[in-house]
C-alpha cells in the first residue's frame, strides 16, 4: 500500500515522484519505457521568457515561475547527492536571418520590452557579435541574446530527479500500468482511487494516482470517466557532431521559424524539431521531417554543412487540445491527478509542474487556473 | 460506410483484409505501425509439423492445415499480380548437438512417427550429411531433415497480401484506432458494432470490425465488455551477414532448445529468438537477450563466429493466456471479430488464420474450437 | 602459387575473378571489407544510354557495350547455379520538373536522337503518364521513358559473381594486401610481379595481380613505380520505406540534377547521391549531404514526404583524374593489371570491365584506348 | 611552412600537438577520421598499476609515470580554458568470481605487493563490500579495490587536448596524408623530412613530421625506408544502459579475464573488449566477438542482464610486434618521429606519450629505451 503511485517516469512524473518523496510521501514511480518518449528525445531549452513569448498572461507567469525554479532545484538535487543534472546556463542567440523573420523578431522584442520587469536581461546584439560568438552562424539581419537561457538533457535530468528521490525513499519500478482502479462510495460521494492494475493482471494499492504518462495518458480517461484530451505530436530531431568546434562555449541558437540548435560540450549539436500534429504513436524518422530539420539548421548555421549526422531521435510530445498542460486533481474521482500535456515545453516546465502537482497533494495548494485539470470538469468523456 | 474494418496490418490482419476483399467485401485495413510489431521482426519458419510438435490433436490439425495452405496462397497471390512474397521451400535441419538435446530429439521423432500419415516426409540424416550441407554447423549427435519446410519474411508477405488485396479493392490507411464503437439494440439483442474511432476523434463507420492488433489487441476489450487475454512476449532476434557463404541454398537450422537460424539468399542469416513473458510493450535489445541468441546460434553453428552482426530486431508477439490463437466472433457483440494471439506461430499460421476469420464473416463457416474466441464467452472481463 | 590474385572484392574485382575462373585460370580473390566500399552503397542503375549521355564516342561505345553485356551475364550466372542476382529491368522515367531542367532535358533528348540507332528505345511521355505510373512523382514539365533500363544491387551482384566463380574453382579469402611484390629481371626487361604481401607479413605467390581496390587502389602505385590517379569521391545515399506503395512495379526515377530514386519490391526506395570530390576516405553522413539527397528526392517525388528514413549508406567511389576507368596492364611491370576508377558508373560498367580485363589476361585482347591504363604510361609517379 | 606536422588526431597525436603548441612550436595537426579509430572506441581505464601488472620494470615505470601525469594535465587543460575532459577518479574493483581467476588474482596482488612503494594504495576487500558497492556484481571469491583508478572518454580527452592546443596556436585540419616527403642530403647525411603530401596531391611543408596514425601508421614505412611493425588488433565494445542505477558513483569493474566495465554517470556502462589479432582494418561487430563481450560482462555483473544494449563500438588498436609503444625519432631520417603502437593502453598512456615525444622534439630529451623507436634501427624494411 503506497500513499501515491506515479504513472510515468518522464521528466514530469520523475519530478512529481521526487517532490512527494522529499516530503515523506510513500511513493512508487512506475514506468514502461515507451519508444518515442518525449523526455528522452527533447533538446531542453530553458528560456521561458522567449519560448513562451506568444502566451497569455497567466500562462506566461507560470512559465516564468518554471524557469526561475530550475536553478534552485539543481542546487537542491546536488545537496541530495546528485551532481550530474546536465543543466547549464549557456545563453541563447535568436537570429533573424531571412526577410520573413524580421516581423517575428520585432514582435518578440516588443513583447519582451513590454515585460522587461519580469524577464531576464535580453539585449539586441549586432550581427558581427553573433557570428564572432559562433562563426558557423549565418550573418543575421537582427539578433538578440538571452544570457540567462539554459540547456538541459531531459533524460539526464529526469534520471537525476529519480535518483535524488530514491535518496528520500522514492521507489521506482518498470511496470506496465493498464488501468486505474477505483471503488464506488456511498452517499453520492465521488468514487475513490484504490490503485492501479498492471499488464500481468496484478494490482498495486495506493490512495492516490498521478497520471504523468505523456502522450499515452489519454488511455486512462475511460477508467476515470473523463476524456483526457492529450494527443501525440511528433518531433524529429537530429544530432550532429562537429569534432573540432568549441561547442562547450556556444550559446543555444534559434531562428524565428520555431527551430533550434542546442550545443553540448563534446561537439554534439542537437537540431530540432518538427511539430507534427496527427502523427499518432509512430516514432518514425520521415523523409520530409528530416529534410525540414536539416534545412532549418543549415539555414541558420550554414557552417554546420560538413558536420556529421550521428543520430536521429523522435519524441511524441503530449499536446493538450488547448495547448496548455493539464495539472492537478481529476474532477469527479477522489485521489486521481493529472500531470501531462506539456507539448514542446515539457523540459522547460516539467520540473516545476511536478512540484506544483506534488504541492497540491501535500498541502492542497491550488493549481493556477490556466493549467488546471479542472478546466475539463464538464469533460469530453 | 465499409462492410468491414480490419484493425492491424500485421500478417494476420493483412490476410483477413485480403481474403475479404477478394470476395468483394468493402474492406478498410487500418494500421498504426507500432514499434515492436511481431510480423516485422519474425523469422518465419513454415514447418507446422515440427514447430507444433507438442500440441494437442485439434491444434495440430489446425497447424497442419495452415502449413498446407501456404503454397496455394502463394500461387494465388502471384495470379493476383504480386510475385514477391519471399516464401521459399528450403527445408530444415534439426540437429541435436549437446547431450540434453537427445531426449527432446527422440520425443520429436516419436511424435512425428506417430503422425507419419499426416506429416510431410521427415527423415533422420547422419551427422556428416548435415555438416556437408552446412559446414558452419556443429557436428550433431542426431539430426533430421524436413524437406518441405519453408521460410517467409513476415513483412514482405504481409505487404504482398495487402498489395494483392488492393488489386481486389481493399483500401488501406495509416490510422490510429482508439476505440471500437457499438450501439445498444432493443429487445435484449446483443449490441452491434458501428465502426471505430481514431486518435483525431473522427469515426469510421462499418458493420464489422476485425481486431488483428497483435499484442496491442487487449486495449479494445473494455469497449467490447470482455477481457482479451493477450499479452506481449518479447522476442529478440539478430541478423548476421556471411558474405561468401552460399546461404541461398542453406536449409533452416534448429537445435532442440527453441532457437533457430533462418537463411536468406544474400548472405543474411536470422538467428532467434528469446521468449520473454512479462516483457511489456518494450521492444528493447537487452544484454541477456542478445547473449542468449548469440550463444544458441553459435552453439548450433559455430562456423558463424566471424559473421558480421548487422541488425537487431525485437518483436512483441501477442500471446494468449492459454497459448493458442483467438479467432472469430466476440461473444456478446454483433459484428466484432478477433484475429490475434498467435504468439511465436504468427508467420506460420497467420495467413491461414486470416482466411478462417474471413470465411466466418463471408459464409458463417465455423471456427475450430481449439482456436475459437468463443472459448472466452464467460470472459475474464 | 596462383595464376592470378585479384585484390578487391567489389563488383569489378568479383567480375575479374569470375571471368578468369570460368576459363580455368587458378585465381584467388582477396578482399578486406573496407567501410565505405562503393559497391555496397551504390544504387545500381544500368542505363548507359542515358547515364553516359555527355560522354565522347569511344567512352559511349564502351558504356553501351557494358549495358548490353548484362542480360547475357545474368543468364550465364543462372546457368552457373546462381539465381539471385538482383538484376531487374524496370525501366526509367527521367522527369524535368523545374525550369532549370528544361535545357538539360532538351540536350539529353537531342543526344539520344542523334544516336537513335545504337540506343535502346527511349520515348517522350506526357506528364500525366508519368504521374499515373508513379503518383508520388511531381508533375513534370517534360519526361521520357527508357523501357530497357535496369536496376541492380551492387552487393548482391558482386556476391553472385563470386559464388558463380567458386563453382568454377575461384578461391576467395579475406586478407589485407599491403604490397604488390615484384622482382627485377636481367636484360633490361620490365620487372615481373611475383605476388602480394598481406598485413601479417606473409606472402601469396602469383604470376599476375589485378588491382581492383576501388578508391584504395592508389596505395599500390608506389610498389609499381607509377601514380594511380584514383581518389575517393563520396556518395551519400538514403534508403526510404514506403510500406504500402507498389514499388515493385515502379520505374527508376531521375530528375535532371544528377540524382535518382531506385525502387525495390519490398517498399524500399534508394535515393542518391551526393558527388563529393575531396572527401577523403571518410564514409560519413553529413548534414549538408543528407539535406541535398532528401531535397532532391522530395523535389522530384514529393509524395515521398512521409516515407520512413530507414538507412543511410555512404560509398567512396574511385574516381580517376580524367573521369574514366583505368583498365588493363600497368605499363612497365609485367603481370600487373588495373581495374578501377569507375566513379559513379561502377555498377553500370563494372561487370563488363571485369570481363575486358580478364580477356586481356586470357587472350591478350586489346583494351579500348579510352579506358586503358596505358594512358598513364608516362605516369605521375 | 610549419615547424611540425602531426599526422593523426587520436589521443596520442592530439597530445603531441597540444604539447608542441604549448611551447610555441608552429604545429599543424591533420586527421582523416578513419572508421575504427581506437581512441573513439576505447573505454579509458587509467590504472597503470593494475593494467600493466605483467610488464617488465622499465615498461612498468613508464606506465606509472603516465598514470601520474594525468591529474596535472587535467588541471593544466582547465587552466587552458577546457573544462570538459571527462577524466574522473572513480576507483576500480577487480573481482575474482570463478575458480580459474584465483591464480591470476593471487599473482596480481603479489606483484602489487612487491611494488607497494611505487603504487597507489590498493587493498583487498571482502565480497560483501564489493556487492554492497555494486549490487549488480556477482559475489566474488576475492576482490581488491584501487581507489586512485580513473576513467576517461578517449574521444572527449583527445578533443580537449586539441581545443586547449588551439588556444596556444595549434592548427588543426581534416586532410588525408598519403606520403611523407623527404629530401636527400649531401655528405652522407641522413635524408631530411620536408613535409607531407595529401590525397589531392598538394603538399604541406614542415621540418618535422610526427606519425601518430594508430593502426594505419605502417603505411608510411615505405616512405621512410623502415618497417613500422604496427598492426590493427580489433576490440569490440558494447554500451549498455541501466536507467535507474546510480552508475555515476560506481567504480570501474574488472574480472581476471582481461575484460572490464566502465561506468558513466548517465546510466551508460561500457563493456569490453575483445583482443583480436589479425583482424585487419575491418571494424566489424562479429557474432563471436559480441557474444564474448556480453558473456564476460554478465559473468562479472549478472545484474546487467536486463540492461539495454544501446551501441556497439569497434576500435582497431595499433599493436606493435613486441607489444610496446614506438616513440621518438625514426632512425635514418632527420625530422621523422613516431608516436604509435599503444595497443590496448592508448588511453592510459597516450597523453604522456605525447608529452614524451614533444619533449624529445623540443629539448632533445631522451626517450626511455623500452618504448623508443630506435629499437627498430636495423628495421625490417
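Going by the order they are written in, the chains are A, B, C and D; count residues from 1 in each one.
Methods note: contacts are C-beta pairs under 8 Å (C-beta built on N, C-alpha and C of every residue); 3 or more make two chains touch, one makes a residue touch a chain.
Predicted, not measured: the structure shown is a model, and the values here were computed from it.
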item: B-D or A-B - the one linked by more C-beta pairs in contact; value: B-D
item: Whole-Å separation of chain centres (CA-atom averages), chain A against chain B; value: 39
item: Rounded Å distance, chain B centre to chain D centre (Cα mean); value: 49
item: Residue list for chain B, restricted to those that touch at least two other chains; value: 33, 284
item: Touch-based graph of the chains, sorted into line, ring, star, complete or other; value: complete
item: Complex interface listing, chain D residues touching chain C; value: 32-36, 174-176, 178, 199-200, 218-219, 222, 231-232, 278, 280-284
item: Contact footprint of chain A on chain D as seen in their complex; value: 33, 82-84, 86, 153, 155-156, 159, 162-163, 166, 172, 243-244, 246, 248, 265-267
item: Chain A-facing residues of chain C, complex; value: 238, 240, 271, 284-288, 290-291, 294-295, 297-298, 304-309, 312
